[in-house]
Amino acid sequence: MIGQLILNGFINAALLAPPAVAFTILFGILKFPNFAIGAYVTVGAFAAFAVNVQLGLPIWVAVVGAMAAGAAVAWLSDALVFKPLRGHAPVTLLVVSIAVAFILEQCVRLFYGGNVRGFDLALERPMRLWGLRITKEQLEILVISAVITLLVHLLLTYTAVGKAMRATADNPGLAEVRGIPHRRIAVFTWLLCGAIFGLSGFLAGLDLVIEPHIGWNLTIPIFAAAILGGIGSAGGALLGAILVGIAEELTVLVLPTTYKVAVGFLIITILLLFRPHGLFGQAEIKK
Amino acid sequence: MSAYLVAMATYVGFFMILALALNLQWGMTGMVNFGIAGFYALGAYASGILTAKAGWPVGFGMLAGAAVGAAAGALVALLSVRLRDDFLAIVTLGFAEVVRLICLNEDWLTEGPRGLKIDARPFGSVFGREDYALFYLALVATAVLAVFAVAEAIRRSPYGRVLRAIREDDVVASVLGKDVLVFRVATFAIGAMFMGLAGALFAHFIQNISPYTFLPTVSIFIWMSVIVGGAGNNKGLLVGAGVVMLILEGSRFLNDFIRVLDAEKLSSIRIILIGVLLIVILRFRPSGLMPEEKFKPTSD
Amino acid sequence: MSNDAPLRIEGLRAGYGQADIVHGVSLSVARAEMVTIIGPNGAGKSTLLKAAAGAVRPRPGSSVTVAGREVAGLPASEIARAGVAYVPQEANVFRSLSVRENLELGAWSDRRRIADGLARVHAIFPVLSERAGARAGLLSGGQRQMVAFAMALMLEPAVLLLDEPSAGLSPVMVDQMFEAIIAVNRTGVAILMVEQNAVQALKISNRGVVMAAGAVAATGTAADLLADRSVAELYLGAAR
């Protein structure tokens, strides 16, 4: 029982880890929590649905479609909304990002309504590994998520553009005077993170069902994972995702399942009361 | 038709109280509250449960609704007064979601998703049906005026000036220490009290409350009202609340005439419209329709 | 000759928001020349450097030429690529990145030259190669200043803009930093420096510029300024 819950927790974590890492990277250049990330996830899920079910193309094309759609809406939301509004108070931008989330989600609803959908995949019986149940889709989620998270880690650690992204997040003014063009790095970051959110939409649709609220429901657990890991740290976000993922599953032991959604919030609240900068975050020096 | 207008005006009144309360909290203390729907729900359910289940008179129920809002506000503020803005936003949003989940799941108390039926109405037996709607509108309007007056009084008080000055400057705030902390918590609690009052007024107006009324969208619409109207300006946000409510509810009225789109699509378009309105206004009138009046710090 | 000076600033105005802080400053720095700007706090020294580097946008009508090329109004990253390396006074390293990564980022726009650049700056500051893996934010103030300076040297800039390179350093470290600056200057780099430590800075400089209230109040050779009694009383006294 516990073993199955922990396994489920890891699958949960696999859904949260890539978007939590992307969220924390994006936060590095935006400096406010972008609530529209859930909507990028939703757009990714529906793009994958459109490619796979409506166009009847194979599932891997749907993955590409999800990533492209996620990257496109993320970049567009920056170009049309966040970039022109730069300079407003972070709280205003936060409200604006929720407005963007509403707009995107309602656009999806306009076309697809509120119905629940799924990919065109044959149902298979769950496999059994050491007495634990896992479906083929869940196994795929674990693998894809691990690969993506590893790739992002390698990108940030070893490539020139990854280092420039970290430098820009750390100190944008200094990065610019050292010859690192802020705008180009920002656009690259938006596209990369958007693609990851799109992919997360595909993964979420694989595990759950596809509906317009799919992304909003993931938003708070994603924030919880990123904050737990200390905003700005990709490795921390991964660890945070695992903790939140497992915590959400384990709470069914003490609370009715209906309260599962609240776990992310409770984790954030309790954590922030004792460590206002996250579990692994460091106190920022305010200027 | 006129019944519809009266009902809509009453709705605008609830929004205005919420917006004034939010502006009191944010404008005075700089503490961001994204849990408006939670305080609103607490006030509504407190008054609803006490009158419908415990048989309290309506007046006491409403007072209790306001008191529960204030208590919850004080608690949230005490726990989170030290948090960064963005974290506070998430924590308060979470608070509202937890309140909503409790309302949804604790059937024995709240009747869960079926909704809580509330028969009690203030002075329900005095007026006829048509007149009662007008009476209630007057009641809500009085509440709006009272809240407006209190908010303005706090804003203009010496403490209000100090608070607004230090809102801009965390260093000063930490130097001034405990008094400021107490006043910030108190101001936040007063705002939450107004939100609870708005909830109680709403509960006895609609007479059937369910958790689906108190979605996070409510909090966001109030924030949009405040930003559209001009953060910090109490008159401006009354306009903002009116504009947002007009789009939300006014297009329903449009629907009676144009039957091209089904209700679901229309609801989507409404929300898209409000979102676009917010972005457009921020783009072309960065300080909102009516910006905060600059005050001169007295040099003493 | 004078037209393609490494750095020439003419009629430069700059500020924040509506208010101007620098009101029409003109000066130029020749190859291998070192110019120190002195003046009271708030005179606009730092803003002048920032505007020259593009970190603050100069007002229209200002001119900044680098080897004859107009760069005023370009993004800071473009000006950096044109050969101007600006070292801010504060927040001048990437705190969350390692020393090695900081230095590599100094050569981001021409990454083939990373190895060459590392060899050069390690020769100037050997300690940076020992601490290559350390997080820059955890270094001592002196070592952090070295990283900031070394990062700016990675691509062999033609112009160095240094804002208070000795701020917060121990006397020993100040000497070491000034020695490094002299060494770089001897390789032909034009240096424009703002320094609180005015006497020591003027002693190693060719020329000095006195700024007050956003404008140039006096200029002269470093020796003349050091000898000038009114300058000494007004601007050098407190620093001595």
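For reference, chains read A, B and C in written order, and residue numbers begin at 1 within each chain.
One rule holds for everything that comes next: a contact is a pair of C-beta atoms (placed from the backbone, for glycine too) under 8 Å apart; a residue touches a chain by one contact, two chains touch by 3 or more.
Worth saying up front: this structure is predicted, and the values here are computed from it rather than measured.
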item: Chain closest to the middle, measuring from C-alpha centroids that were averaged per chain; value: A
item: Furthest chain, CA centroid comparison against chain C; value: B
item: Inter-chain centre distance, chain A versus chain C - centres from mean C-alpha coordinates, in Å; value: 42
item: Separation of chain B from chain C, taking each centre as the mean of its C-alpha atoms, in whole Å; value: 53
item: Whole-Å gap between the CA centroids of chain A and chain B; value: 31
item: In the complex, chain A residues that touch chain B; value: 32-33, 81, 84-85, 88, 90-92, 94-96, 98-100, 102-103, 106-107, 109-110, 113-114, 220, 223, 227, 256, 258-259, 261-262, 264-266, 268-269, 272-273, 276, 286
item: Residues on chain B engaged by chain A in the complex (per definition of touch); value: 26, 32, 79-80, 82-87, 89-91, 93-95, 97-98, 101, 104-105, 170, 217, 220, 223-224, 227, 231, 264-265, 268-269, 271-272, 274-276, 278-279, 282-283, 286
item: Contact footprint of chain C on chain A as seen in their complex; value: 160, 163-164, 166-167, 170-171, 173-183, 232, 287
item: Residues on chain C engaged by chain A in the complex (per definition of touch); value: 53-55, 75-81, 85-86, 88, 91-97, 101, 104-106, 108-109, 111, 151-152, 155
